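Below, chain A partners chain B and then partners chain C, in two separate complexes.
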Partner chain A sequence: MPSKPYKHSAAWNVSWVFIFIAVGSLFVADIEISTFEPWGELSRFFLAIFSPDWTHYKDIGDAILQTLAFAILGVVFGCVVGFALALVFHWRLVRTICALVRAVHELFWALIFLQIFGLHPLTGLLAIGLPYAATFAKIYAEILEEGDKSALQAVDPKTSVISVFFYARLPDLWVHFKTYTLYRLECALRSSTVLGFVGLPTVGYLLSSAFLEGNYTEVWGLLLLFYLIIATIRYWLRPKLLPFYILVSPFIIANDSEISSENMVRFFTEDIIPTPIRNGEGLVELGQWFNELFLTQALPGIANTLILTQIALVITAILTLLFFPLISSHFFKQTGQTMGHTFLVIVRSTPEYILAYILLQLWGPSMLPAIIALAMHNGAIIGHLIGRYSNEITLRIDTVKGGNRYFYELLPRLYGQFLAFLFYRWEIILRESAILGILGIATLGFYIDSAIQDLRLDKAIILIVITALLNVVVDSISRRLRSRLRLKTAVECS
Partner chain B sequence: MKKTIILSTLLILFSLISSTTLVAADTQKTLVFSAIPDQDETRLKQRFSGMADYLSKKLNIPVKYVPVKSYSAVVTAFRNNQVQLAWFGGLSGVQARLRVTDSQAIAQGIEDTQFHSYIIAHHSTGLKKGDDLPKGIAGKTFTFGSKGSTSGRLMPQFYIEKAFNKKTDAIFKRVGFSGNHSRTIALVQTGAYQIGAVNFKVWDKALKDGKVDLEKVSVIWKTPAYPDYQWTIRGDVDASWGEGFSKKVQAALLDLKDEALLSKFPRSGFIKAENSDYQPIVDTAKSIGLID
Partner chain C sequence: MIFLKSENVSYQNIKTLHNIELTVKKGEKLALIGHSGSGKSTLLKLIYERYSDNTALVPQDYGLVNHLSVYHNVYMGQLNQNSTWYNIVNLVRPWQKPLERISIILSQLQLEDYLFRPVGQLSGGQKQRVAVARSLFQGGNLLLADEPVSSVDEKQSQVVLRQLCNHFSTVVLAMHDTQLALAFCDRIIGLEKGKIVLDQPSHKLASQDLLALYAE
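Right after this comes the complex of A and B.
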């Protein structure tokens, strides 16, 4: 009987397609280290870790309070609004709006709100709160959808909706809501820090100033405190203290700048209206205007964003495969795993924006710093998840060791989950790739930032919308791939 | 559980509302000013906290300086009336006055009537100073200062493109934006970029302070003169602080004789300015497409 020819699995084929795209992208990508003495600067930077500088402790203390306050209020706003939206998430309109809002990165939101509210605290509050609300809406809806419904079915149909929710649903779902919301608070601390780079009074503000002046000792003073806050989150974030935090936060972020409705109206009726329309020109001029914007900025921006994303995705995959054994009980004993954990926590707590910023200062502006930053951050996140996942697998007592155990026992069992997480992060990596343009790499963010610096908000808004659409497209491809490959992801990866 | 949830919802609502309406109830309105972040922030803080004290004493009202992260943010804050007075560069001043009708340039540094940019190069390029722009800069890596800078972008871009009759993207191997002038000097000195464009006052001051290593980086060309920095004030300040307020601010600026404070700008003194002084900037910005 002729044997059937061996057929590779779909996951295998998809993996190779992605690797080929990434290798192809490497040929067109600019990945040169352009600085004259990159390694001297890098060692100067890392040596400064031994002499962290906290001289400006007053400024630092204030910036930390601001960072915490913006993060807490942003998450509170996000989870209240997000929860309300989750209840009506079956409406297509709500889903679409949420997807678009989510597709725009916090930093872009901040740049938009800076135009509307200026230095008013609403800028930071909404820059975090709005995209977070859209994310919460989606995840909360998933939790409601997938949660245990047995209690619900036992309830008397005449019971009021509110009672049903509080007594039959919330008790079962509470822990999911809590875990996810807490996780987002950690993300919000990162977001809030990064917003300092565009002018919010958070840790990022001091961090970017210290960097621009080459004060690496001060940079480390700030970074170490930042890690400390993230690492101790579960000690200071007690449910009982939460009302207190929420109550004092507004007083921390309050400043005396005012907002005027005039500015808001002008933003929507003038600033973002394409120049040809504002000048009363015809459709032909509008077409030309758009054409030029699309061909000279959007198109190269999209190309570079995708190139960066695809390379970073595959490198993320490689790093994940290297990172996960560090915390896996199949490879290391307790002490080893603890060290692995510490390493992964530090790498993933460093916002990719800051990581890219650091590497750009040291190596010069090419895609390389961005690729490394994206891959390190995301690799550490997925590595952590896969590592934890691997600990749930029990191998036979007489199983093989070392490389054989890695390649023949664990990898095949973890590969589906690994791909699922990667595809889940794909869209997030894309969003980050766009944002890193603000640092000078020619992705969409570069053109958006340039348009804002030239005070051409009409162009900036169109480019932001294009970025959002690109994100939505990639997200839907990723969803299709995941369902084709029958991959399931946990919400914790978003 | 129900109670705590309702309670926390109320708390949240309360705090959200209060955070957006909390405004210090000042008896006297504070004059808020800002400035383009053209160099190291430590330097800016020293300079402008001194300026705030000086103006406050002179004008007899509270005066506050707010730092911002980008040139465009100053223009936006000025336009939104979150700052009423600003120390702008030539280009940012023009952009601001285009957006706030009846705002006025009221004072400029004595040196700002004859401002220059330097083109600087890393020693490894082997380029030497010349009366004309050295053609050898073509094909090198190049950094401007901030995207919205006059001396770090607009003017150097204009003169370089004029000399080569090509766009800067086509002349250089790589074009970047360092962020500010101090950073441009640092980046060219380390060789992160081979060539850079920098504000001549910032360069001279850095040289005097011993922050430049002439073995590694040197000036290879000086642009022709153009008008640059100026103090610009909103037209509606008289309505808030009384008739003739902008004249008072102008007088206070022209009257500044404190050598220590002036040296932080660094300027030898302030003289009168008018919007029309900056027509050359408007024309240049239009010609390279930075304003419509």
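Right after this comes the complex of A and C.
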């Protein structure tokens, strides 16, 4: 008989730690449904899918053009700046700045730029472009780092750096750059849509107003068009058409609002300066001011953000494990897989912010809508990746079926990859949890948004910095866990 | 037990088996020999497709799950004989009954020290013995094994083949070691380019007779 008892893997133990944290968080989280008739409203909402309304087609068309133009220009800005930064990404300062810029969600950037530029197009452009540039810098640098360098070593050392790059590196790496950039354009379409919720003239703006009026048929009209655009991306986004898109986009997003230099100066010299300093008070008052901000806003904000993140992370994990078989050849035949694909595409194309917004309107303000929205969106993304991964596994010819196949053949083989993707998205879920505060859940975004509403930009900026730091911390924990468990992720899951 | 009549198999429009005629009686121990690409694996696969009931397999690539322990990989031989719930609980906490049986099988193959070791941490030869242990745990009337001792040393090969031949009444082994084939099997089938070119009882053959099948 074996003397040693059976021991589970480190991945198993880590999973349970996360589950316990999530269950503990559930006890303190507010997850009640407070609306009078939540399910009736939900069914009314879903029934409206059968009668989508496009009567305001002029507004809708314009909003769609704006959404596309902001996304395209934001990505162009992001990939140009990001590429330049990727070349100097080995500088520590560049890496740190990029990590901080990335840690602030594009909606927060939009809130900041709205204060500086008002409704000028620069607001939307930079809100997407800046965090995207920081992300592009990181990923492009990884691509350059991991790419095949054999051609590079064969080149005569006297060759100019630029020729070397274009002859020995770019041709091999081009496809990686292209795939990732295209993937980010899809993300940018979501970002650009969501920016409408804070006032930019994109699809989100119409969505929120249609929702507030309870006009579900119009909401579906917009959502269906949005899915159509995402689903047909490879048909309309032709390399040949790209220069044309880039040329017309500035004219689409142009409006007659002007940048007030007065506003800009005031933003940097007055608005964001902590009140005690602005009033010429001493360090003691500054300490008190910060203390109060930290204890009454940052701390509860951080607690709620983490609670939401940890619950959403574990439910994302559960949904991923339920979703991936839908597109796996080990469980479904071709037609079944196609249906699974369609379902996952729809769920992951819906920005989590919009999903949370919809559920919040239907169920009232609590963490529940946010948890469901985050878990659905992220579960569909990771489920898609894991499902695709599972299709590369070949099973022996005498293999088992159903639950036995799932638990013995596939899950053990996929679990490492699954955890890797999950930890990779942990930081993204955190960033989104913070953002969903704008919808009224008391995460950091709630305090940031209220501070901006009250024109207390000094507080808002400090809270945004705290949010960014929290992100950096979680990101480094996630990275450490991944290397401890020897997990590797593919680049595309960001 | 096995009855194949004028069987042809094609893979991607290339014929891999030609006009195979093969009858195997219950209790026979067959060795398939021939160099790689001669159709041994394809023939084993064909037999499995026709006679999958109560048949245990040792595939060439072992078909093990690297992240599961040796115990669980061996246990997989009997997944179909228990309810899914029983199997799932067994993943979380091994059941005593299969644990005792599997421990015995593993000690017969000198793997008892690796019971709860993830298969991914084992050497090639150890993995191969785990695949053999799985087939022993599965049991049945017929064993189909594709090069079951290709990665283990001489001495252990003897142990492994003895276990397999004792455990299963009817055995079909694809082998490249002709001496072992002659020692453990009572009938030798020679394959070349997808055709059966030799079918003789072992006692009528010497190792030299089989060398021709490996000549290029």
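The rule we apply is simple: the second predicted complex is superposed on the first by the 491 of 494 C-alpha atoms of A that agree within 3 Å, B and C clash if a C-alpha of one lies under 4 Å from a C-alpha of the other, contacts with A are read in each partner's own complex, and residues count from 1 in each chain.
Going forward, contacts are C-beta pairs under 8 Å (C-beta built on N, C-alpha and C of every residue); 3 or more make two chains touch, one makes a residue touch a chain.
Please read all numbers here as calculations on a predicted model, not as lab measurements.
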First (chain B), second (chain C), both or neither touched by A:Leu125: first
First, second, both or neither for A:Leu395, with chain B first and chain C second: second
Which of chain B and chain C A:Arg413 touches, first, second, both or neither: second
First (chain B), second (chain C), both or neither touched by A:Thr181: neither
Chain A residues touched by each partner, larger count belonging to chain B or chain C: B
Touching partner for A:Gly403 - first (chain B), second (chain C), both, neither: second
Which superposed partner A:Pro365 touches (first chain B, second chain C, both, neither): first
First (chain B), second (chain C), both or neither touched by A:Ser9: second
Chain B versus chain C as contact partner of A:Thr275, first or second or both or neither: first
Contacting residues of chain A [partner chain B, same complex]: 34-37, 41, 73, 76-77, 80, 114-115, 118-122, 125, 166, 170, 197-199, 205, 208-209, 212-214, 242-243, 246-247, 249-251, 253-254, 256-260, 263, 275, 364-365, 440, 449-450, 452-455
Residue numbers on chain A that touch chain C, as the complex places them: 1-2, 4, 6-7, 9, 395-400, 402-404, 407-409, 412-413, 415-416
Residues of chain B that touch chain A when the two form their complex: 1-2, 5, 7-9, 11-12, 14-16, 18-20, 22-24, 26, 30, 32, 40-42, 66, 68-73, 75-77, 79-82, 95, 99, 122, 124, 141, 146-148, 174, 176-177, 179-180, 182-183, 186, 190-193, 290-292
Chain A-facing residues of chain C, complex: 45, 48-49, 52, 55, 57, 59, 63, 65-69, 71-72, 76, 79-80, 84, 87-88, 91, 93-94, 99-100, 103, 112, 115-116, 118
